[in-house]
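Take a look at the structures listed below.
What follows is chain A paired twice: with chain B in the first complex and chain C in the second.
Presenting the complex of A and B:
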């Protein structure tokens, strides 16, 4: 098969499957609703109103445009005709798949069979919407024609827009903005002054202090959550990003912090009623100790084994906190309530806004510690270990000790996060500490960029902040995280905002002669 | 007499060794005390209880063994943990469920109101397994193609993270498509759950369920078939060659990518069979059903020596039995039986990372 046709078929198949998948998980309906919410052209009375159909067509057209342009990637002999042919093929393949699917579900729906018992989002409304309010046959044919046309158009468009990459243009724009700014006299003055860095830090600090003031409690709460995830992310960043130890049971340390403050300050089950600040210190220390205790036996293992063992450890903590055996000690499945908040000089300091300040303070502390560590002997030892443990050992690094240190420091940060989290919510229970927390934190570290402090902050803003803005998409969050982890590893393993060193590492093999040919002597496509 | 300065040799203190020995002594001591307490003081469990534990342990263990094979096959070849294997199993369980539901609602004998499922029970079960295994096979092959193949040669953490992502993705996709509802597996009448042969031990009835025996026998058959494939066929030889050394295998004319793809296919088929068996024996499936069994099967694979086929089978059986009898022996609530499996994982990795039938791959791979 010719290359451009093959490109078309593979893109078409991929996008066809993706479209059907989106429909099966109900994402098409949700996205339509979301868009309707933004531009306000849908009514709740009928799911397949003209406005909703318009939104769906608009969104799917974007997807199919992408399809066509993916198919029309440059081939050896790059002509407009070939690009259009690729787009056309991709459109036809996708169109056929989607049309068959639409016809099948449409006819089942038309026969009056309710599929929701098996496929939960296949409601009659959703199917009607997917068929654009038409009968199964007409709807399927319309889909086929529409998708094919869009595909061919996208192929043409992709050819026309080639060599005008958008990304470069944006990059240039960014450079220009930066240049402009650095020419402003005041900024130039600050940059040149001896205390330039400190002035900038001061400005950032001021902004951070001011941010919570105009926000409502809800947004402050959200901001607090993001901040706590920044804390957790920075902690995991030390373990995973700097020392290269994949810890999937990170939530265990978070839980230890949360339970420490809960048991020490809550009236039930122990009625100790300690001061919050003392409990905070205890929580951090206990989490660090737990990190060392777990680390001593498991840190001899490498890579994937460590991941599984830590995952197991996290599950053990969750099962224990959930079980009836420890109800008397830690509240069992019902958790612990009425956890004390902080107070300063006898004044309660526990509004969501106050907590945001507290959390920001924690983050700044952690950022300070991390950045100092990163550029110290310890940080360099971690990087050396991550790169090649044997060599690191050979140059005299006590790898075990440094690993333990990374584990303990990461655990301490998680403990701090746990203390703040439990105290802000005034409650903690087993469900706060499930595996999903670990996965969330891992995702944000990886998406942001392993080993990079600004990366972790970006990651938590994107992964924790965006879902708050798009509440309708909450159901798809974990799905998206899973897909993101895979996609990031394939497309951009160094993350959105990588540290310089990491970026070089991840792309170093591209400069070496490819060894892949050796492994595949037939040279043919395995598919 | 003149004193000569004797060279002081300071023995390096190996903290790790000390920790190892301490844990071992504590653990063995506790175990001995518990067994003594059980046998002499408490005497809560009679012979019938022990038989019940053993039977359920063997059944559970046989399913673990089938899942563990999937981990071990992939690990043997790619040295990566296919984290999403549990989800492959879950997909197989769902496919089997839908097949059985479809057959159960297809009335072939309107007079008696009998569905295909009970008119042809054997064929129905074969069909369910066929569909389940096919689905899982396809899922496994595509998983490898999409999530793992582009990452070959990347640092080791990279494919592992990708695998975790794939696992989460599949779990949530299943939840969104099929809803998080727990579903009752529809068995044909001959395999009704909780019925079986009754054995009287210690003047108490012990029921050995049909589904349990079915699961156990089928697992053993699957394990034998798989072992034959790997040891006796051309494909198996290619697989072993690739596991040994990819480059050399490629130079000998083996299509490495093809072999890896086929390995994922076989491992997926095993996962699918395990999923259907899980459904038939345990009766309830949901989107999360593959996760914990997957983790435990991984434990089993490590216990037996990862990358080692008989090891995975043995590890599965041992883990099943330990899990069934563990809570009674250790005197902890049955609610905490999952803790035992994970503790075993940790203990094995501390004391014998190469597993029971370990290969000589520890230092490098662990």
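Presenting the complex of A and C:
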């Protein structure tokens, strides 16, 4: 088979199967509703109202456009005709699969059989909607024609847009905006002044302090959660992104921070009632110590072994906190309640808004520490270790010391996150500290861009903030997570906001060859 | 007393007995070569000296101090560095950053600058490529970088693991000429090579390693003339 035809078939099969899968789990209906909720063109009376059909067609058209453009990737002898053929083939394959599926479920539904007995999402309404409110035969034919046409169109479009990557266009726009702004007199004055940097930091700080003021408690709570995940992300970023140690049991340190503040300040089970601030410091220190404790036995381990052992460690901590034997000590499965919040000069300081301030303060502190570390001897040692551990040893880097340091610092940040989390919720229990936390944090680090501070912030805004915005999507969050991760790995393997070094490496072939940089350091637009 | 004395070392990878009582000596100012077939244990010998794969038995003495159990980074501080096998450079770091890494154990800014200039003088190619990522250098350039990086620590003893591997003949010449020049400026060198002909002709003394044991030693000339060496390592003609 010719290459461009093969591309078409494989994209077509993939997208066909994915579309059917989405329909089977009811995701198509949910997405339609969601869009309806945003633009308000659907009524609840009938599922297959014109508005809903419009939304479904719109969303699926986007998917099928993607299908065609994926199929029409550049081949050796790249022509418009071939690109269109790829798109056409992809559209036909997807169209056939979807049409057969639509016809089948449509007929079953028409025969009066309730498919919900087998698949909970396959209600009669959902099926009707998927058939665009038409009869099984007509609906299937319409699907086939529509998907094929969109595929061919996408192939053509992909060819036309090939030499104008969107990314470059956006980059240029951004440059232009920056240029405009730097011409504003006031900004110029600040930039020129000796205290320019301090003034900008001050402005950022002011904005951060002001943000929580107009927000409701609910949004402040969400913002706090995002901030806590920024803390966790920055910590894991040191361990995984900078030092290159794959730690899957990261939640353990979060748990240690949370339980420290819980056991030291709550009335049960120990009735110690310590001051919050002292408990906070204890939590951070204990987490760091635990980091070292975990670090020592795994010093000689690499890669997959390290991942598995740390995974085990995370689960052990959770299971211990849950075990009946330790109920007297750690509250057992029911957890610990009435954890103290912070107070300043005897005034309680524990509204959701106050916590956002506290969390932002924590984030700033952690960002400061991280960026200082990044450009220090320690940071360089971590980079070398991540690149090649043996060579790092050969140039005289004490790899054990720096591994322990990475574990300890990463753990301390997580401990801080745990303290703030438990204290804000006034509760902590074993289920706050399950494996999902580790996976979420790792995901946000990867999605944001390993080794990059702004990347971690972007990642946690996207992965913790978006689901809150799309409340209705909640049940599909894991699915969206997965889809987003897969899509990202294909489209932007270096993350949403990568560190400079990683971007360099991942997109080597796209940048001009480095020798040219040398010859022409200004990197002008000679071409 | 020799600069480096290796007494009867035994090194294991799990159950694999890679070195079986290896003893070698390197005098101050010498070039000593270690030749042997694939899997003979040459790299293991160097890694054992560097502390990366510590010996289970035996003793390594450097400048009169026992370094058998010393950690790799301290061995670098004591003055032994290695350019490992297979042009292992930090691929994502620039040439300059790679070289700076080589000076990781040093704190004397001025001295580091001097070493950097010296390395650039030996390998002008590296200066031209200063801000290029190490991974994008050609094979020969990466080898230069690996050697240059090892030199940045100002070693008393330089361990070179197959510096000529995979290089074009003309580059092999160049690398060996460089090694001789380094030696003349006072660096003692322990050289592991597959390219026995050239290695033996530039060295003071050599050892032949076979399945973890030293089977022969002598001056470069003696080894070049030896029948067994000629048959096994020089592609006897």
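What we mean here is this: the second predicted complex is superposed on the first by the 473 of 527 C-alpha atoms of A that agree within 3 Å, B and C clash if a C-alpha of one lies under 4 Å from a C-alpha of the other, contacts with A are read in each partner's own complex, and residues count from 1 in each chain.
We take it that a residue touches a chain if its C-beta (ideal position, glycine included) is under 8 Å from a C-beta of that chain, and two chains touch if they have at least 3 such contacts.
From a predicted model like this one, the values you see are computed outputs, not experimental measurements.
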| item | value |
| --- | --- |
| Partner chain in contact with A:279 - chain B first, chain C second, else both or neither | neither |
| Contacts of A:324 with chain B and chain C, given as first, second, both or neither | first |
| Contacts of A:446 with chain B and chain C, given as first, second, both or neither | first |
| First (chain B), second (chain C), both or neither touched by A:65 | neither |
| Chain B versus chain C as contact partner of A:119, first or second or both or neither | first |
| Touched partner set for A:242, first chain B, second chain C, both or neither | neither |
| Per-residue contact with chain A, leading partner among chain C and chain B | B |
| Partner chain(s) touched by A:301 [first = chain B, second = chain C, both, neither] | first |
| Which of chain B and chain C A:315 touches, first, second, both or neither | first |
| Chain A positions touched by chain B in one structure and by chain C in the second | 400, 505, 515, 518 |
| Chain C residues within the chain A interface of the complex | 50-52, 71-73, 76-77, 81-82, 84, 88-93, 97, 100-102, 104-105, 128-133, 135-136, 149-150, 153 |
| Residue ranges of chain A touching chain B (in the complex, touch as defined) | 21, 24-26, 118-121, 240, 244, 246, 248, 296-298, 300-305, 307-309, 311-313, 315-316, 319-320, 323-325, 400, 439, 442, 446, 475-476, 478-479, 481-487, 489-490, 493, 505, 509, 515-516, 518-522, 526-527 |
| Residue ranges of chain B in contact with chain A within the complex | 15-16, 19-20, 23, 80-81, 98, 101, 145-147, 150-162, 164-173, 176-179, 181, 246-247, 250-251, 253, 255-258, 261, 295, 298-299, 302, 332-333, 335-336, 338-339, 341-343, 345-346, 349-350, 353, 365-366 |
| Chain C-touching residues of chain A, taken from the complex the two chains share | 377, 380-381, 383-384, 387-388, 390-391, 393-400, 501-502, 504-505, 508, 514-515, 517-518 |
